Structure formats: C-alpha cells, structure tokens
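As written, the chain order gives the labels A, B and C, with residue 1 at the start of each chain.
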Amino acid sequence: MMTINIDKFSGPLSLLLQIIEKEELDITSVNLAKIADEYLEYIKKSEEIRPEAMADFLLMAAKLLYIKSKALLPYLFSEEDQAELDDLAGKLKMYKDFVHLSQKVNKIIGRKRFSFFRSLPKSGRRLNILSDCFFPPKNVSTDVLWTEFKKVLENINFLEEELEKKTILDEVKIEDRIVFIKNIISQKIKINFSNILREAVSRTEIIVNFLAILELVKQKEIIFTQDDLFGEIFLESYQELEIIN
Amino acid sequence: MELKNLLESLFFVSYRPLTIKELVDFSKKDLLEVEEAIKELSEEYSNNNRGLRIIENNKKYQMASSPENAKLIQAFLQSEVSGELTPASLETLTIIAYRGPIKKIELEKIRGINCSLILRNLLIKGLIEEKAGREDDDNEYVVSLEFVKFLGIDNLKDLPEYEKFNKNEEIDKLLGKTDPLWQSAILGEDEEEKEKKEEEADEDSLDN
Amino acid sequence: MELKNLLESLFFVSYRPLTIKELVDFSKKDLLEVEEAIKELSEEYSNNNRGLRIIENNKKYQMASSPENAKLIQAFLQSEVSGELTPASLETLTIIAYRGPIKKIELEKIRGINCSLILRNLLIKGLIEEKAGREDDDNEYVVSLEFVKFLGIDNLKDLPEYEKFNKNEEIDKLLGKTDPLWQSAILGEDEEEKEKKEEEADEDSLDN
C-alpha cells in the first residue's frame, strides 16, 4: 500500500479523495465500494487521526461498508437508498471542487499582494484621536463588571464540557470491541446485538461496535442472523456452529 | 461630488471597517447614492493606478493600501505577514469565501468533518466572522476583511469562478438534503424523535 | 506614476508624519523626484475636490482628511469614543479588569474571537493601556488609572470577588497554562507550529 501523507488530509472526504486519485478511479458509487477496505485499512493503521475527528472517520467507514454491501446484495436496497449512495459520490465531487478552489486561493495568497490598513503606534500607550483621552462609558460600574465576568466564566465552563465530551470518543477502539465481543461469544453461544450496545453512550460507540462485528464476520469468527427487517441481530460463534453442524 | 469626498475622508480616519448602514446614517444620503459613490471612488482608485483601495466584504468597507506596493509597505511597517495557512484552514476559508454566509452544518457537509475547532481557530485569528442567528446552530460565517486583505482583491467576487460556485444548484441540492438514511439507521427512530423534542424545547425556552 | 502611487500607500498606512529623508530612503528615488511626486499628489487632492490632503510641516509630510469635512469628521470621531460600550467591548474590558495584565492572545482564547479592533477601540477611549512587551505578541493590557477612578474604587482589588476571579483555575486551564488542548486538537503537531507562526503574522498585520 502506497503511503498517504496523513498531514495532507483534513478529514474523511480528503482521505477518500486521495485514495480514489491514487487508484486513478472516477468518483462513482461503484468505485467507492471498491475502496471501502482500503479506507478502513488507513484509519485502522493511522495513529495520527485526532480523537475529535475519529467519529467522522468512522461514520464515513460505516457509509462505505453500506455501499459495499449494497454492491454485493443489490436486491436488499431500495431506490431511495440508491439516491443516498449517489449522494456520497456527489458530495465527494463537490468536496473535490472546493479542494481545487482552495489551491487556487492559496496561489493568490502566495503572490503576497497584501493590502494594509492604517497602522497604529507600535507601543503607544494610548491611541489619541481626539484631544481628550478619557471617554468614560455610560453603562459600566463595578457591578456590571462583576456580572459580566461571571458570564465569561459560564461560557468557559460550557466550552470545557464540550471538549471533554469529544475526547471521550477516542476511548472506544475497534480492536477493544473486537476482543470484547469475541470474549462474550466464547462464553455464550448466542447473544443479541442490543446487549453489546447496552453500554454504548454515543453514536460513535454504536458505529464502532457495528464495525467490530463486521470485522469479526469477515474474519469468520462469528456469523449473524436477523429475522425481521430492523429486528434484533443475533450473533453466534462461527466455530460453535461448525461443531454443531 | 461632495458625498464621494466625505466618504473618502471618513474611510481615511476610520480605524475599523464601516458598514453601509453607518455610512448612510452618517452622510444622511440614500443607500443607493452611497453605494454608487463608493463604487465610483473604488473604481477611481483601481483605474487610475492609485496607492489606495476600498475593499469590501459583506457590506463592510475599509480603506487599504494597494496590493502593488505590498512588498515595500510590508518592509516599512516591519510586519511579517506570511499568509501561510494549513491545509485545513485554507480549505475552510475557501469554502466560507465562496459560499459565505454559511452555516456550520453546511460547512460540515462539504468538508465531511466536525468544524467546531477549526472555526474557533479562524475566529481567534480574525480571518472569519460569526453572524449570530436565532439559535447557535443558525450562526453564519463569512470571511473577514482581514482575510480579503491577504488576497489583494477588492471584493470576493473577483475570486476565480466565484459566480459559478457561489450560486450553484448542484451544491444547494447537496447541502439542502438532510441525511435521513444515516440518522435513522444509526440513531434509531427514537433518538431522532428525542432530538426533535429537544429542539422544540429549546425553541420554547427562547421564546419565553 | 509609480512613485506617486507608492507614496500614497505609505502616507496612508503611516500613523505619524514622514520626513522627506524617510521617503527618499524607502522609495529609493532622488530627493527631487520625491518632492515632485509629493507636490503632484498634493495638488491632485486639492484640485480634484478630494477627501484627502497632504499636509507639510517642517519637511515632514502626513496624510489628513480634507478641511471641508472637518466638522463631520470630528462628529464621527466623537461618536466613536462616546456612548455605551458594545457587549463585546464590555466583555473585553471586564476580562482585562479582572485578569490584567493580560496578553492579546490570552484574551482571544477566553473570548474565542479576535480582539484587535476592540482593543483598538478601548485604547482610543483611554479605558485601557498597552504595556509594550519585548515583541508585539508580548504586549500586555491593563485598565487605565482613569478607568479605575471612574469606577469609584481605589484599586482593582476592590472589585467584587476580585481575588477569586483573578486566580481562576478554569481560565488558567483554558489559557494553556496547563494544557493546550485547543491547538493540538484538530491540527497536527507540525501544523500547530505553523499555525503559531500564522498567528504571529496575523497579529503583525493587524497591529501595524
């Protein structure tokens, strides 16, 4: 596998685009299905994807697997689904357009034809445009400052919470889930998917679990059955089944 | 023309960009007259090889030095503007320049990745501006005059293929579509419902 | 004429009068040529009823707004400094009062937005002062003595909950005194470095 410089892609679409271009493929749903595995390989190997971005990379992985399964089992999919899949190809093309534009913009900036606004004294104590130099504001008192600062603190706390939420995402790793699911299955013969998801708190975790199962299916560790559309998914150990049969 | 003369003086003394509304209020002239005068002034500057420019973005105007003199002015001011941007910053700025005002959710649809941090970063650098919407999700982003300054153009419309990408049905279609497949597939109907209720609740709390 | 164009840019960006010697040095032209160009520029301004003037005093030259507009310009500048503070200015002033001396980049991290224009505005009003650091980025801001007096207190420590707010862990954390989560988050390490340089460059271009 040719190495792709991770620095160069600023998101899952960027990675997709690079793989597509490297393989010299056109952007079509069919070709997206072809590169699904390669995409997964990259995000599995890459240690440089920031935790905050991982959710988006995984979401894309799920989409690609969906497209791939559609290519393998077309009769399971409706026309609506097809439109969705074409959408991804369309979005990737749109993204490609903007990447090209950004290269043009970069060239324009590179000419260094900057404009400048009026300058200020470099270390001027005060900037004095009128003869006076103190213009007291009407709406300020110590109480106003106090209230205002409390608002600032509230905003900061909010910000921190948001960030913490995002970093937690990193803690769910496909590898860990694979081991986890393997363990459960080795203890029980059959388990339902919702059981595995019981502790999942985020969309990313659900996706990671799902990916882990797909991986295990691929490795012929487990098989799954689903009786109804959107019904419960049951997981069973592949080996157990072989012995029984 | 008197108005053009006044506008030139105003642009010169102002240390900040002036909005069209401020200029109208201050000159006590019609919007159309003011716009016409700005256009004339700006064209005089460009056509007569002058050392000044009026740069415009998002109905804000500011006087700036002309881009031909960039090197010498930079030396005079001893400033070290490098204009180098990371790929992610560049990509985000380009999309905002061509498609602004643009919402975060639309930006994320184009880039396929969460943009909270990069937006914050660009806001701090003063390369973009945020226009508050009714709710947080409605906030829209535009590039700042500070960014236009780097380009050495008077107006974003001078960017290559601006019209084509600014108004583009194909893009509108792609952005306008929600992603129902993935929401329902992954979140399940229940969560979608929950989100809807939360949204309603938020709106309520705003209204009250 | 190129020289006239350059001089116009120079006069515009400079906040102080320029000596003829400086102009000669910068343009790398003869004294006579420079004097001739200044004269031409100056005559163009007066003859074409422009909003600008070149004023000369003791072989120093400076750009100014034209005298016809003096009254209106004075009113404009007055309106810039008087009146209520905008919410953004008030927030910035508050942070400087409780956390000063504070650097621009720290203010920006707390507020999540570029503060150049607001700092400029507070400086014009005399509400804050700039303490020059070793480099531009090191400039620190404090509220002015006049402002403290205006609040009716002897010392900033008399502000409500000053001690508690002045040493606030949450803020220290955010300011990267412990953890630069922001920068490393979406940008790679290398990019972080680059971005830092960019920031410096941006600030330069703003400050100058």
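Throughout what follows, a contact is a pair of C-beta atoms (placed from the backbone, for glycine too) under 8 Å apart; a residue touches a chain by one contact, two chains touch by 3 or more.
Remember, it's a predicted structure, so these values are computed and weren't measured experimentally.
Chain centroids computed from C-alpha atoms place B closest to the centre of all protein C-alpha atoms shown. The most distant chain from chain A, with centres taken as the mean of CA atoms, is C.
Once the centre of each chain is set as its mean CA position, chain A and chain B turn out to be 26 Å apart. Between the CA-based centres of chain A and chain C the separation comes to 39 Å, rounded to the whole angstrom. Each chain gets one centre point, the mean of its Cα atoms, and the points for chain B and chain C are 22 Å apart. With touch defined as above, residues shared between interfaces to two or more other chains in chain B number as follows: 12-13, 15, 63, 65-66, 68, 73, 77, 79, 81, 83, 85, 88, 117, 149.
Each of residues 7, 52-53, 114, 116-120, 129 in chain A touches at least two other chains. Residue ranges of chain A in contact with chain B, taken from their complex: 7-14, 52-53, 55-56, 59-60, 62-63, 66, 80-81, 84, 87, 90-91, 94-95, 97-99, 101-102, 104-106, 108-120, 129, 162, 203, 206-207.
Within the complex formed with chain A, the chain B residues making contact are 12-13, 15, 53, 55, 62-68, 70-71, 73-74, 77, 79, 81, 83, 85, 87-88, 90-91, 93-95, 97-98, 109-114, 116-117, 148-153, 159-161, 165, 170-171, 174, 177, 179, 181-182, 185-187. Taken together, the chain A residues at the contact with chain C in this complex read 6-7, 48, 50, 52-53, 114, 116-130, 132-146, 148-149, 151-153, 155-157, 159-160, 163, 167. Residues of chain B touching chain C in their complex: 1, 4-16, 26, 49-52, 63, 65-66, 68-69, 72-73, 75-86, 88-89, 117-118, 120-121, 123-127, 130, 144, 146, 149. Interface of chain C with chain B (complex): residues 1, 4-14, 26-27, 49-52, 63-66, 68-69, 72-73, 76-77, 80, 108-109, 112-114, 116-117, 120-121, 124, 182, 185-187, 191, 194-195, 197-202, 204-208.
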